[in-house]
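By written order: A, B, C and D. Residues from 1 in each chain.
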Amino acid sequence: MFSTIAFLIISFVTLLIFAVPKPLKYYFTLGLLVAGIALTSVWSISVLTGSEQLREIPLFLPSAGTGFVLVIDALSAFFILVINITVLIGFLYARGYLAPYGQRMNALRFSIHYFSYLWLWLSMLMVVMIRDGLSFLIVWEIMALSSFFLVIFDAEERSIMKTGINYLIQMHVGMFFILVAFLLVQDATGRMSFDALGEYFAGHRNLPLFLLFFTGFAIKAGFIPLHTWLPEAHPAAPSHVSGVMSGVMIKMGIYGIVRVVVPMQSDLLVTGILIVVISLITGVMGVMMAIVQNDLKKLLAYSSIENIGIIGLGIGMGVIGQALDNPSLTLLGFSGAVLHILNHSLFKSLLFFNAGSVYHATHTRNMEQLGGLMRRMPWTAMLFLTGSLAICGLPPFNGFISEYLIYMGMFNSLSGSALYPSILIVGSVAALSLIGGMAVFCFTRAFGITFLGEPRSEEARHAREAGRSMIIPQIGTVALILLIGLGSPLVVQPVFEIVNRTWSLASQPMITGAFASNLSQISIAGGVFVVTLAALLLYRRYHLGRRSVTTGPTWGCGYTAVTPKQQYTATSFAYNYNHLAKPVLQTRKEIDEIGENEIFPGKKRFASHSDDLFKRNLIDRPVDCVAGLLKKIAVMQTGQIRHYILYAFVFMLLVLLLAMLNIL
Amino acid sequence: MVNYLIVLFAITLMYFASAERLSTYIRLVALQGLLLCGIAVFELKEVNLANLLFIVAETLLFKAVVLPYLLSRIIRRSGVTKVHRQAVPGFYLLLFSIAGLLVSVILATILLNPFINPIYLAIALFTLFTGLLLIVTHKLIISHLIGFLVVENAVFLFSLAIGNEMPMLINVGILLDIFVGVLILGFFGLRLKAHTNELTMLKD
Amino acid sequence: MMLLLFFIISLALSGATLLSRNRSVTKVIATTFAVMLIAVTVHAFINIGKTELTYFTYESTSVLLLAVLALLTMPTVWHGFIYTRDDTLKRYNIYHSGLIALMTFMAGAYMANTMTVLWIFVEATTLAVAVLIYHDRTEMSLEATWKYVFICSTGIALAYLGILFLGFIYGRGDAPNLSFSSFSMVISNADPLYLRIAFIFVLVGFSTKMGLFPMHTVTIDAHSVAPPPVSALISTALMNVGFLAIYRVYTLFSTTSVLSFMNHVLVLAGLFSLLVSAGYMLKAKHLKRMLAYSSLENMGLVAIALGTGKHGYYAALLLIVLHSLAKSSLFYQMGQLSRILHTFKLDESGRYMKLYPAGAMVLMTGMICILAIPPSGMFISEFMIFKAMVSNGQWFVLTATVILLCFVIYAMSTRIMHVSFSSPRDGLELKKPGFVSPAETVSQFVLLALVIMICFYQPPFLVDLINRSIALLP
Amino acid sequence: MTMAGFILIAVAAFFFPGIILRTKSLASGRKGPGLFQPLKDIAVLLRKGSVFSGTTGLIFRIAPSVTLASLTGAMLLLPFAEQKAVLSFEGDFILFAYLLALGKFFTIIAALDTGSSFEGMGASREALFSMLVEPAFFVLLATFAMFTGYTSFSVIFNHFFITGNDYVLIYSIIGAYLFVQIAMVENSRLPVDDPKTHLELTMIHEVMILDYSGFDKALIHIGTYLKFSVYGSLIYNLVVPAGWNIILQTGLFLAVQGLFAVVIGFTESFRARNKMNKNPKFILTLSAIALIAFIVILILTEKLA
């Protein structure tokens, strides 16, 4: 009862944001946020600690549908925590980020922004808590809508507006898929809820329904080829928003998929294989496209797609494990996925925040304009580095743990499984390792070009370190990353618990026990690494202290007049790679050639874009074609009366004819 | 007797297709008014006298006199006499209306109904067809107006077909005439450019 | 008795406005009329199902639509005051007398229980609307008015033919009045062919009023000149009149064998409407015309909903109600917008968010509502339509609808967002904006709030009304 | 006693480069430097001071230490004979691979830290090649896991020779070959990269460490040496049964490492470096061979029959 009222109060008080005076809006929002986070976190922890298996909080009951009832099980509880962490840190970061917009935008703009932020958060919470279909669709759509308003914060820019609307439409299309899927369930079982899925699956073929749901949710999650909105929307949004969107919002798609996968009963194997294949494509293509991006945030967006691929791989493996009833594959696959959701939400938001700080300081996201920021904004650089290391899954950071779980799931089940599964698994292992390698390539490039070397432009040269209010919140994220990385046993056990409860697996003590020891060994290794490193550095300090240390110019092979322009650029760093990946990526080059009779060539420009094949062929072309068709159809409004009458005349004759022929 | 009148009516319709001058149109309209009046007189045996008188008066007054008068005034003012600016050449118009006649006859036979005189049905349908055809194939506002009058005659014929059962329907239908009268007065009072078809400021 | 009083008094009032010597009198008159209309609505709601003056019945559908009208009266009248502020007294009075007449006729049309009476009232509305459309006295408004009147009267003539065909289905010596109740007696042994033809004529004829394909064209032209408050009425309450006429006939025939035929025709018309509206919204350059097209789109949805049946019936009525609320508030907003931007042309407008934040909020909220994106209540009815489609297995219709809807959403959102945020295209500079008090948007926000509320909570009386009015349908 | 492997690897590392050098010089008919020359070089470097580029910052300075530390971590995961490694657990080889990757990450960004165009070039190449070599390594490990049913170096190598099947021979040969090649790529030796080239444009690894001097350079050298013997010990574990007694094992270990070094020496003296854009193809063939190994395992485990 208390929870209900509290939650309702919070969601209605959000409306007051429009009344609050401009300077106080931020703190008002923060207050609401903290209150709500406290409330919901208490719920989820009470569920996670198992003091209650399931918690039901009925909100009001609308006459349509079975109503808004918040149901919290282990999975929802987990997601609630993830959402709360990212949203809170994002908002703390936002204060510094939004400061410069203060005078440019009127109070209403800020109200809308904060209001949407609050509602993005609330709707995400409700998405993971609501089971009833109609209510789910409503909050699902509210989530899309609020994020839309967040994306178009800088709405004067036409491109941003275009992106935002494109995003809105794609979300709407996804919603229709889910809607139809739910309606099928409703039609078959008379109930329209996630709880009714089991009943449906028991009686009907599972794959078609799953495909409908999957398509709908995959658009949100950004599985290739349904990802096209993602690399557009993330750069367009302000960084705290892109952090939250990429950190948790796209995970809502994953959540949906999991909810659907859990009650599935037949077609498991083919479903699993499907998920795995799509996820591998997503992972590989995602990181491949990430490597060639020059826009820092676009790069991060593509890498989000890659990580979605990894999560999907985990889930797919889990499903296959269920199909072959191979408990360890099931447990490890799902746990890897679940843990990677948490991890990715941490380091990806971290990366986005710092990309934001860079943009904030230099007003450009184009890596070709950056460089040498490490010395100018050391904190940001170190935070970004941490994020990069973590996202590459390198020990002793958290990314490694989740990837390790997924790897182990696959390796353990290799010897036991039959021919085709083992081929699939080895393929996935190869792909996953390739993804890892490419991630290293991608982020050495991102970090190295952006933060190291000499600045490539004036903006970069005069960059200032981001404000304290933007740095400090992120320390929290880093702490979490290291905690998971070095203290993995503490985190993985609960994750196992969550997975066991969600899929109601008979918990395998031998696997979980073995893993406790494995993980502790990993922690030890990490510890050894850290200690050795520390020792080495200390000794190095002492050693150099007793010898002459001088500084000179970088070795230029005898060439002395070195300018920053001669550094390796983002493009040139990816050149070799681009050469390999040409068939997939199709990089367009624009060069103005030197003319025949041009003795003294003037200024020339060279530009290279690598645009998204899927976007062009799957979205743009068909849409343009249909839109053109519609415009052609729309020629009736001639303004001439006789035409107006003619339509009626023809329509009547047509229908009469059909009526006579009994066609209608 | 009624049937002769109706056939005559049909012939006037044919003339609409072939007529060249607006004045002809107006005469035809007037003629149709008279014919309808006659038809009403001979057809409506079962309605009470007052009602019959009302109907007759209406047809004579409005259909045969007032509306033609108004129209002719407009024509005089706007100074156009010929029905040029057709979207379709007159010859095809004729063909169309012949086809229309056939179609309506066929329709009538399909719609055959013990209580309704089939020839009514046929001609009424044909009238409707002609009226719509006039509107659709002409560009001048004035011709549109005439087309509308024809459509309205069609309505009147239809209502006559069951006038004996429910005279109320006829009376209601008559409202249309008054309505149109108001309409014409209203608009050509407002100097609507009757002779033009330049009414295309509003379009996409 | 009450009803007779109402008609007499309101016509008297409408006449009186013409004679009034100063604006405040007119204002008083208009306001009293509004109050009276609301009173009538309440009266109708209290003794629902009762018949007065033999030709009028407080049938639940009538009460529903009457309630919508009553809800819109006050704001319409009020925005009318503001809009006509600067006109001469004569035109001021004409405007309001026309407005009162229009509302009276619409109320009559809602409550009519006989086809012919309904028809007469519809015809009457045309005249009243003509007066209002012509209010600006420009070449354009003249043209629009002419077109509107001409096409509407043609439509009405066609509709009348439909009624006559209804008449034909009587044998000799049957009940001589065309009230729906007496129809429903004899409808069962009627010749289906006649029913079909009658339905087609009625559908096409009244599609002028409902703004449905094929006769949707005039309303759209009318919108581009009509005063915003009037547009608000034309594309809500008046469309409801057209809908009601068609709905009555549909209900009447739904017990016979032509049901499936009617459904097909309705779906056909609906899909055409969606198609046309989607195409035009992609091309629209004029804000009010775009809104008009969105009404066309919504009417198309309503037609499809009727045609789909099952939950579709409920959806149709809900959609009609909500669309009236949302669309009217958007049109009211157009009034303020024209005073800020001095234009409805999209290319010349922009930065509304800076110039008039409250208005921009209305625009965006209204957009969300009208596009049936949750938390808009219209989503519920859209949802029900799809529910019906799925359970009928009409996959083609469903797919087509979804695709077209997406295009509509795209077109509308781009335009509204452009107006709210971006600066005018190709460097056109905005004229000096006049001041408009944010308070004027209150009524619009209230209406939109109602629409949003429906998404989460539908008041039982509403549900009950709708359920009663669709009780006769299979 | 579990430290045995660790120590042996360290010891082997000291002689490794010397042996390579010696082989090469003998092969090319020169007398060549003494076995301990590389160690002496390191000693010299340690005695010297350091010069840092003005562009470079923190990353450049910590990178060598990170690399070395990560290697130490990796060494702890390697077993010797029957001895379990210091840290041995399921999937320790994943940690092994990622630790090496961590080292590489820092080497690359350190190169970028100098802001020199040459070093960027080297960095990009190094990144590309190590990206391509990952799958080969992992597929090979997958085949181990599949074959033995275990996922930890120590256990795998203990159970390696249990099945007396003649495919095992083929398999272990392929495995050994792959390890050698991977070691070549990872240490950027021939045919992928030639440490002896003098033109920066054609270097990979050497160009990345152009700006290092003194202590850090020494660390880098130690790192490379260790890497060699790490891979050497992998090969040793693969080819030598775990069962034999410890003395013999120690001898064999050093012998294998020596042999490995000699092999490298010979290849480097009798083989030319690949064209730079031929390298990706070459590295991908390794993955292909790994897949062949996989197929062999499929046959061995009677899945493909």
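Going forward, a contact is a pair of C-beta atoms (placed from the backbone, for glycine too) under 8 Å apart; a residue touches a chain by one contact, two chains touch by 3 or more.
All values derive from a computational prediction rather than experimental measurement.
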Inquiry  = Quick check for the class: compute each chain's Cα centroid; which one is farthest from the centroid of subunit C?
reply    = D
Chain pair showing more contacts of the two, A-C and B-C = A-C
Query = What whole-number Å value describes the gap between the mean CA coordinates of subunit A and subunit C?
reply = 44
Note = Taking each chain's centre as the mean of its CA atoms, subunit B sits from subunit C at a distance in Å of 31
Task = Mind checking the centre-to-centre distance between subunit A and subunit B? Centres are C-alpha means, answer in whole Å.
result = 69
Key: Inter-chain centre distance, subunit C versus subunit D - centres from mean C-alpha coordinates, in Å   = 79
Two or more partner chains touched - positions in subunit B = 110, 135, 141, 144, 199, 201-204
Query = Can you list the residues of subunit D that touch 2 or more other chains?
reply = none
Key: Overlap residues in subunit C, where contacts from two or more other chains coincide   = 147, 150, 154, 193, 197, 221, 280, 283
Request  = Give every touching pair of chains, nothing left out.
outcome  = A-B, A-C, A-D, B-C
Task = Note which residues of subunit D are touching subunit A in the complex, please.
result = 46, 48-59, 61-62, 65-66, 68-70, 72-73, 76-77, 87-92, 94-95, 97-99, 101-102, 104-105, 108-109, 111-121, 123-125, 127-128, 130-135, 137-139, 141-143, 145-149, 151, 200, 210-211, 214-216, 219, 277, 280, 287, 294, 298, 301, 303-304
Ask   = Where on subunit A is subunit C touching in the complex?
value = 60, 62-64, 68, 106, 108-109, 134, 137-139, 141-142, 145, 152, 155-156, 158, 161-162, 164-165, 168-169, 172-173, 176, 179-180, 183-184, 186-187, 626-627, 630-634, 636-637, 639, 641, 643-645, 647-648, 650-652, 655-656, 659, 664
Message = Going by the contact rule set out above, which residues of subunit C touch subunit B in the complex?
response = 116, 119-120, 123, 127, 130, 134, 139-140, 142-147, 149-150, 153-154, 156-157, 160-161, 163-164, 167-168, 170-174, 176-178, 191, 193-194, 197, 221, 224-225, 280, 283-286, 289
Remark   = Contacts from subunit B onto subunit A in the complex sit at residues 87, 110, 132, 135-139, 141, 144, 197, 199-204
Ask   = Can you list the residues on subunit A that touch subunit D in the complex?
value = 371-372, 374-375, 378, 385, 389, 392-395, 400, 403-404, 407-408, 410-412, 414-416, 418-419, 422, 425-426, 429-434, 436-438, 440-441, 443-445, 447-449, 452-454, 514-515, 517-518, 521-522, 524-526, 528-530, 532-533, 536-537, 540, 543-544, 547-557, 562, 564, 566-568, 572-577, 579-580
